[in-house]
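In what follows, subunit A forms one complex with subunit B and a second complex with subunit C.
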Partner chain A sequence: MTAFSIQPFIEAVHDSRERLAALASRGRKVLGYFCTYTPIEFIHAAGFVPVRILGGGTPIEQAASLTPTFICPYLRQALERALRGEYGFLSGVVQGYTCDVACGLINIWELNVPGDLYHTVPLPYQDSPDARKYFRQALRELGERLADIGGRVTDASLAASLDLYGNIRRRSLDLYRLRSQGRLALSAAELLSVVQAGLVTPPEDYLPMLEAFVEAAEARPQASERGVPVLVSGSVIDQPWVLEVIEASGARVVGDDLCTGLRAFSPPTGRGGDPTDRLMDRHFRRFPCPARMKAQERAPLLVDLAKGSRAEGVIFLIQKFCTPHLADLPVVMEALEAAGVRGLTVEMEETGLNEGQLRTRVESFLEMLGD
Partner chain B sequence: MAIFAGVDIGSTTGKALLLDDKDTILASTIMEVTTRPEKTARICVDAVLEQAGIKEDEISFMVGTGYGRVKIPFASDNISEITCHASGAKWLHPTVKTVIDIGGQDCKVIGVRDDGKVREFVMNDKCAAGTGRFLESQARVLDVKIGEFSELSKQADAPAMISAQCSVFAESEVITQLNEGNSIPNIVAGIHVAIASRLISLLKRVGIEEDLTVSGGCAKNEGLIKILQEKVGVNIVMLREDPQIVGALGAAVLARQKWEKKKAA
Partner chain C sequence: MEKAKKSYKRLRSAKELNRVVAEFYLECHEAKARGKPVGWMPPMNGVIEIFYAMDLQPVFPENWSPVCAAFGLAPRNFEVSAGMGFSRDLCGYLRNIVGYVYGPMNEEGTPLGGLPEPDLIISAYGGCVPAMKILHTLERRFPEAKVHTSELPQVGYEKIRPYHLDYCVSETHRLIEWLTETTGRKLDYDRLKEVVRLSDRACELWDEIMSYRRFIPTPISAAELGVMFVMVTRQGTQVAVDFLTGLRDEVKERAEKGIGMIEEEKLRLFWDNIPMWYNMGLFNYFEKMGGVVVAETYSAAWSMRLDPDKPIESLARKSLVSYPMVSCTSIKKRRDMVLKACRDFHIDGAVLHSNKSCVPITLGQMDMKRALEEELGIPSVVIDGDHMDANNFSVAQFQTRADAFMEMLLEKKGLTP
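The block that comes next holds the complex of A and B.
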């Protein structure tokens, strides 16, 4: 049996640039994406490796002249890394249309970073026969663009990619389940490292790593019940130390509403007759990002998530200037308060967070909850 | 007699206070911080022990607070300064509902529940404007002592307009005002107005509930409090003890609660 260790995942994140560059140099094209609503199974089915583009807390220098200051640090940092050549292994970027900034950024990226393919996939919001027809056409267009750079999507390849990603999501949800049952001796930061590795590793390589890890975790149940149970909500968290500070302050992250977390996995698959139907079905049944659903509809889902995970509070870790998340906050906070769950908002800045101030906020919040 | 200690290691000053089980403040001290929080805490605690004429092992429970709270190895526990300021203010003034803490590095507005716990809080944590550091930097530009700010502000006839939200740009504005010949009292009052405006925005987020009080080192600046009071429009209750030791006092009050809980368990 494989040892219960997150080291392979930490290494996978650490060495991802070299590994992906080596893969690209051997002729396998790697395509980047910003948002998890991007139909990555489709990209993978075409024979390419989809890799989530992360910001990594990179200080902004070159990206400052190309982007305004009032967009989220994540995307500015991502562009900075590209301009520094850190994404040289990418053959381009394919982005599902979610927030305006991500969709604007792909154009700036295309103008400044050489690549073979830059494409935005329009994504419908509401499920209906017409929306599915539209979405199917959008996917067909994506297929044509992928074919332009040597890819080919067939029903069989798409079905295989859907199965592969479905299994990754199922195994990831297993980790969340074990953790919420107090049977997984893994900090939130460590869990994030496991998830992060999946964003930058070819899925066929990642799944066996994850399966072995889940198997080892299930065989080695350990209670981890210390700390005030909280839910973390936001978008991209790509620096595990933020979660480390939260847990070191006395919290125990029992669940999340992050696109570098639960939101990327739930549900694992979609239903349908043909593979495209399955992909579209999952899209419409995703646990929603605020960019994809009205606050009034999303708020009860978040309340249920918090209640279901027995969180006593929700810590919102929000990218500064993230309009979809910030605009939802008043409605979501009101719904949480009505359900007896308190919230704390922390904005993630370009210059990072001051650890001392983050600790003070989180500790004060937990002390407030602890009465 | 049981004795409880509160040690508040902030960004600019360290404070310690001893409280006994008859609710008497036995000793308190305030000093400039050293470069090491544990050293500052040691000096503070030694000072109050000497004042009270007691030994360290006579302290039943010690709570550390402030930014250096996790670096006090001899404290029994540590609690965030937000909780401690709420507790200290409540102890001094039982009908308090809102506390404005103007510290060296940040300012906070804390809503206090009837039981002395925190109802809600907001922090200005992203820049120095509205904090003691802001006042210090402006004092340097004006070449006056920070302790003179209060009196100078009271002499103003037309506070200067300092519009910048950033302390660095505010400094440029202060220099411009000086170059234009505006008086020092008017500029100082203008700086106080700028801080008060910043505090109002925090206050509105938490909600102003009376009684309202101020804590932290800057609360000693009467000129600032006068302008703040005019802007807030409600009476600001001044605490009967030095506002700078409210955090340490709250820590000592909470030390007692923790000790009693431990004893009962």
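The block that comes next holds the complex of A and C.
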């Protein structure tokens, strides 16, 4: 394998189902999660493999009889895949409460898909001693639930998992840094493929792949400065071609505010006396999802991110019906405009995005930015 | 102004309710005029009782949305929020209240005088996402108001453990400290116990009133659901207890005398999800074929008891369970409650309102549909709608589905329309 190739990552995503099924059949339990606020280090420290559940643009058939049409395509497609048996390797789903739809979906999943463990962790929002005391107990309960299916979390195993995921996040941020410096010949879609592989690969297998890739990238700097710099904001993007179309329309994605991107990595670790403290600390200091913070507090962070990445515009790629993002949009849009950054909103529907339409909209947005 | 379609009410208490509603809003405006601190807060939690115990004035912006829907103000408010960039796919409560506060809020002729502006905002992280976002948006609209942000664990009803409750208790203490500091008013613990006793009595009466729905014919139907106004706004006061006592007496008397809602009650229906506030008359639609909506999911939100000797714990618990009881955090618990209600109240068929404005209540409905059919043999029909936005509801489609459903139910029972 040549080190600077995204092929291994594309293959890791492509073959993930077979690999994870094989892992599960050898007795290693795999647990799914929807949202990156799920304490995945805890799941891993118990001896299990946490895997992010993706929708993958699957057409809806069976999920139509269990869910209304007005929930986000991502979660509806995820359920569809589960009902089709594509997630047969999962022993269950563990989720941190972030949005109402994910919360409802795990409960519907539990009623319709066999599994050993279905659990939602009610996460605190604001950092305080009481909130940390509460969070610690919520994590203890998660530990008990994981123990029910044969897992065991110790301080040592949790510390090791935190280190492992910390390194993955650090290395991923390295890629972002190289890319923003124009030193990485990698399209946004390719970068997403690298990230995606990390969501569906056991972290101990993924880290060496990522490390080799980053090293090779650092050794072979290549400029990639073409296109109008934009930042992409939204939640889950699980189809890299969407970013491909955006860049093919004349934009260069210089930064993102996605949970399949920067929000999953920043910050890489937390501080604290014991491993649970470290996990909680990172939780409270994360670059926030709109479901976790008031729009008026998040908006300045997004402005800083856009400015810091020297983006001239922000393209919001929003899952249709996504309440947290849609409810914040007027507030963040106003803040961006006040800072001289313009925004474009594109809603991703269940039937997918129309490529031609997306291209036209992005092209006219870029033209507007040039005026 | 577009006139909303109100339900036809048959209880004496319905008239009494009009007085209670008018007096509540009058009290809110008088409080503002007299300089008593006015606080806007989320609905269905233990903050109400603390406000009444500290002689502060609670105002419920979410509850104002049904009032706007009933008075036909919602379409105008939707226009305002849409103009600000709030998507039409967002919850109608959010779009309505945002449009209301950013529009010509209390212009002349606003029903009930509108809402007095807040001195305090009890903002929140907890409950459903739109409820949180409503409060966060209100903070921006009223920058002069003092803000406290409470947390409430989002945990399924059957999954509540002591540590969830402990956190709610500490959050309740934090709120009380903040209110004391901000308003200079001290909480009298004995007064709080009395308020919690009244709140508990209201819940007890509520359960008793609902239990009369087991009678055939039912002495109270969903068309009278407006009575929950007292549970939303007046819990912890003698006003609620007096009103509910009168309602209980009336319902009890009707039950004992066998007086129903319509002449011949042929079909007993269950309604899942929030009503369409702009068209409460739908509840009466079924009557032409002898159908009465005997019960609904929403009323379960107040089916609980409080211990006056442990007022803080009781209020913390109330806050913790109210949202799960009617949302997708507890699909199993909700399903069990619906099945129990359908069994206890001898239900023939269920109407499931697939509510575009409320995802948390709509999710899980299909599993409920299946359980009703498989476990109780009760058929159900899905009606596409929206509790606030009439644009997401087709009356014609509703009538076609409702007619066919009732014909099927009548046939099943060997009856004719």
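Assume the second predicted complex is superposed on the first by the 369 of 371 C-alpha atoms of A that agree within 3 Å, B and C clash if a C-alpha of one lies under 4 Å from a C-alpha of the other, contacts with A are read in each partner's own complex, and residues count from 1 in each chain.
The definition used in the following text is that a contact is a pair of C-beta atoms (placed from the backbone, for glycine too) under 8 Å apart; a residue touches a chain by one contact, two chains touch by 3 or more.
Computed from a predicted model, the values in this text were never measured in an experiment.
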Original post:
So, does A:Thr120 touch the first partner subunit B, the second partner subunit C, both, or neither?
Top reply: second
**OP:** Could you look at A:Ile149 and tell me whether it touches subunit B, subunit C, both or neither (first, second, both, neither)?
**Re:** neither
Original post:
Where does A:Glu349 make contact in the superposed view: on subunit B (first), on subunit C (second), on both, or on neither?
Top reply: first
**OP:** Would you check which partner chain A:Ala131 touches, where first means subunit B only, second means subunit C only, and both and neither mean what they say?
**Re:** second
Original post:
Should A:Ala21 be classified as contacting the first partner (subunit B), the second (subunit C), both, or neither?
Top reply: neither
Original post:
For A:Arg361, is the partner it touches subunit B (first), subunit C (second), both, or none of the two (neither)?
Top reply: first
**OP:** Give one of first, second, both or neither to describe whether A:Leu173 is in contact with subunit B, with subunit C, with both, or with none.
**Re:** neither
**OP:** Kindly classify A:Val101 by the partners it touches after superposition: subunit B alone (first), subunit C alone (second), both, or neither?
**Re:** second
Original post:
More residues of subunit A in touch with subunit C or with subunit B?
Top reply: C
Original post:
For subunit B, which residues count as touching subunit A in their complex?
Top reply: 67, 70, 79-83, 106, 115, 117-121, 123, 125-126
**OP:** Sort out for me which residues of subunit A touch subunit B in the complex.
**Re:** 349, 354, 356-357, 359-361, 363-364, 367-368, 371
Original post:
For subunit C, which residues are in contact with subunit A within the complex?
Top reply: 84-87, 89-91, 94, 123, 125, 128-130, 133, 136-137, 139-140, 149, 151, 153-156, 159, 161, 163-164, 166-167, 170-171, 174, 327-332, 354, 356, 359-360, 362-367
**OP:** Going by the contact rule at the top, pick out the subunit A residues touching subunit C in the complex.
**Re:** 65-68, 70-71, 97, 99-101, 103-105, 107-108, 111-112, 120, 122, 124-126, 130-131, 133-134, 137-138, 141, 291, 294-296, 320-321, 323-324, 326-331, 333
